[in-house]
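Each structure below appears as structure tokens.
Look for chain A in each of the two complexes below; its partner is chain B in the first and chain C in the second.
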Partner chain A sequence: MFSMSEKELGKKWDRCLADGAIKLGTGLGLGIVFSVLFFKRHTWPISLGSGAGLGMAYANCQNNLRSHYMLHRGDKEQ
Partner chain B sequence: MATRIWPVMKLATKVTIAGGAVYVAYDSGLLGNSEQGSEALRKAKAVIPPAMEEWMKYFGVEAQLPTIPKIEFSPVDAWNSGVQWTISNLSEAPTKATEYTSQGLQYLKDLTK
Partner chain C sequence: MLRACLRGANATARKNYRRIPLTSLQQCRHYTAGESSSASKVVVAGLLTVSGGIGGTVLYAKWDHKFRAAVEKNVPYSDWLLGLALGPAAQDPGLPIKKRVELAQPPSMIEKQVKKEGAEGPVKDSSPAPSQPAQSLEECNECHEHKEATAVHPAPTEPMKERPVEEVAARLAQQEQEEQDISASVSASLEDSLASSAKATLQAIGAQEAALQAIMQHTDKLKEAMEAEVLPEEKSNQWKDLEAALADRTTALNDARAALSKANESLDSLRSVIDESKGLKISSVRPLVLAAEENLHNMVVDLDKMVMKVQSAESEAKIVSQYSELVNEAKRQFQREVSSLTPEIQANWKGLTGKLSTDDLNALIAHAHRRIDQLNRELAEQKVREKIHIDAALEQQKLEDQKALDNAVNTALQHVKEDARLDQERKLAELREVMEAEMRTQLRRQAAAHTDHVQDVLKVQEHELKAEAEQVLSSKMLEQETRYRQLTQEQLDNFTLDMNTAYARLKGVEEAIDSHVVAEDEARKAHQLWLSVEALSYSLKTAEADVPTVPLENAAQAVRDSCRDNDFALALASALPEKSLQRGVYSEASLRARFNSLRSLARRVALIDESRNSLYQYFLSYLQAALLFEKSQEAPPSQLSSEDLDPFKLLSYASYCLEHGDLELAAKLVNQLRGEARRVVEDWLIEARLTLETRQVVNLLSAYANAVGLGTTQAP
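And now, the complex of A and B:
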């Protein structure tokens, strides 16, 4: 069946938000682990981890939203 | 000899714990693309109720957890309806303002009669 393009865009945004939340949580968790173990409970590893997580989510989101307009290698027709 | 090994042991333990945490995060797809992330989220959601039941039984608390309501809230729909509501109210605002002013003036006139 046909998929409505506006619904696909909504699904992509939903996935973006969920992915952002997951990566923020993961970055926060790993930052806390590193801060407690190696950096004497300073705050900066936590901020670094959360920021890196958000950045990864942003990059994923960007790729997902752009992939619609890109040509993929498998699309080459003979 | 033990005094020299102890800091090394501590460091090795810390590195093991930190490395294990990073490996677990990588292996469960938390650091991959968004499909892997939502897959991991779904697995976690499926695992939570049985785990909660186990914990409740362990602590002897037999309270029934209320079922988590299915959140049908879609931010995109809410945003769209919010925008429509704002713009329609803005467009009706002058008319409504004149109406209310005339009603207010009428009320004051009635008071002074």
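And now, the complex of A and C:
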């Protein structure tokens, strides 16, 4: 009924942040785990994991924000 | 040319001012001098040519008249010049006379026509110009109208004018009168002279006859006296008679001569009168003249005959008298001889026979013998001489006869000539009469033809005039009729008009009453509509801060109900957007508030669009929004240029408009946003559009309701 398009962006940012946080944490955790378990407490898996997590989060966020401008394959096929 | 040169001189002077002023000026002066000298040469040459041309023209015109005429015709004022130089143009005499003759002929013809129209009179076919040399008309000699001759001379030089009929008739009458007078006088004079000459001639003839008689008597008597041997008493009577007869004869001859001279005189006078009357040349006199001439001729002939008779008688008498003289002479000689021989014997010796003696007798006889011998000798001599004499006399007689013959022949010739001339004149007169009669008949015919023609023309004219008059009459009648019809029609029209107006008014009144009823109905409906619309607009105002209005469905329904048969209102009512009906619309204030929050968001995503939508761009956009400052409210220009499409500017314009209550313009401006900013404000725009739509419809409806209400309210 009362769709407010202005709130969408905020929502997207929220999701972005949440997603980023999750991914970062997950990456970090995984990195820590891996560094501890497999890579003799080198820092590089942690940074790798966090970086990957961050990166994924970034990509996700960007994709999310771009999603309106992208034509999906499904639409194309339709 | 001079001016150009001077300009050039000045230019060169200015150019070479410092260097060679003098020489250039000199040069120019030389130029100007040269120019002027050549110019003067040209002028002089031109003048020479012109004067030469004029002189040549004048000379040639003097020599050739046709050229002169051509020049005078073509070049104006040349005739003045040529007249000044050469004198007036000399006319060529040969051609103009012919032309005058020709011109004279037709004017005479025209005059003939005119005079024919005027009156019949003596024919004027003899016309013109007896003074002209080369006239071919025969009647030239008989031309009797001097006036005509004088009239024709100026005729070729003047334009022909038709003499008025009365003038012509008067002239003709005058001429006739004159002619008649002249002829009367001439005839009178002729008659007088004729009478006198006839009398004189008769007298002369009588006298001649008497003379003839006397001569004949005398000769007879003389013959008698010569030959007859009668008694001496009778002889003396005879001689007395003879003397008396001689006296008679002489008197008769004298009388005859006198009478003859008188007759000749009178004849001469008659001849002169005849010649005079011939000189007058009037045709009516001619027969008289002719008759007089004939009479004269006859009288002359008679007179000559008589004179000849008398002359022959005279010559006979001369012969007889000569013979008688000779006899008398012989007798006298014999008497003398006898008397010489016998002086005592008397002349009348016959009565003295008894007195003579024998000696005397013998002597007498001897003398008688001697005498007889002598006489015989003389006789013989005489015979011979006689022959000679006779021959001479014959010769003389022949000569005399010849002379007499010649005279007679001459007189006869003269008579014959006279006769022939008279015949010719008579024939001429007859011919003239015939021709005149013919001419008269021709003229009569022409007159008849003319009258016919005039009659025809008159008839035609009558027809034409009648037709014209009828036409005029009919047109006038038509006019009157049409006017009458027009008037009646007008009256009818007026009446119908009045009737129509009355009927229309009645109808109008009825309609007014009906419309009143209708109007009241309408008014009621309008009021209802207005009320419902008012309700609708009131329901619009129920919007609060963030809460939209109540759904407008009911009010819209009410409106729809109240305008069931009003298509316009119905259409409008159904034009309300569904959403507003179902959900209601936001108020302007709420939209305004929402916009304020929107604005900052839109500012933040101002840089994001299809091509730029990575996170980095987002960061940049956020940075821009943090660093860029614009006016919070700026009045929008009437026309947006490309630089006004910057989102920041647009947002400031839009907020200005919103602050000033112009939602529409704000919506329009916000509509110009592109990219992400546009996506962000999309919903706001939709809401704004909705509100605007609904408000517009409601405004229209209320305006319409107001209008209808106003329309239906009756002015007091």
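Simple rule for what comes next: the second predicted complex is superposed on the first by the 71 of 78 C-alpha atoms of A that agree within 3 Å, B and C clash if a C-alpha of one lies under 4 Å from a C-alpha of the other, contacts with A are read in each partner's own complex, and residues count from 1 in each chain.
Everything that follows uses one rule, which is that a residue touches a chain if its C-beta (ideal position, glycine included) is under 8 Å from a C-beta of that chain, and two chains touch if they have at least 3 such contacts.
Since this is a predicted model, take the numbers as computed values, not measurements.
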Point to revise | Touching partner for A:Arg15 - first (chain B), second (chain C), both, neither | key: first
Check your understanding: Is A:Phe38 in contact with chain B, with chain C, with both, or with neither (first, second, both, neither)?
Key -> first
Check your understanding: So, does A:Leu30 touch the first partner chain B, the second partner chain C, both, or neither?
Key -> first
Practice item. Identify the partner contact of A:Leu65: answer first if only chain B is touched, second if only chain C is, both if each is, neither if none is. Key: second
Revision key, fill the gap. Of the two partners chain B and chain C, more of chain A gets touched by chain B
Point to revise | chain B versus chain C as contact partner of A:Met4, first or second or both or neither | key: second
Review point. So which bits of chain A does chain B touch that chain C touches too?
Key: 61
Practice item. Using the touch rule from the top, collect the residues of chain C that touch chain A in their complex. Key: 548, 583, 594, 597-598, 601, 605, 608, 610, 613-615, 618, 676, 679-684
Revision key, fill the gap. Chain A residues touching chain B in their complex are 10, 13, 15-19, 22-23, 26, 29-30, 33-34, 37-38, 56-57, 60-61, 63-64
Check your understanding: Can you name the residues of chain B that touch chain A in the complex?
Key -> 14, 17-18, 21-22, 25, 30-31, 33-35, 37-38, 40-41, 74-76
Review point. For chain A, which residues count as touching chain C in their complex?
Key: 1-6, 8-9, 58, 61-62, 65-66, 68-69
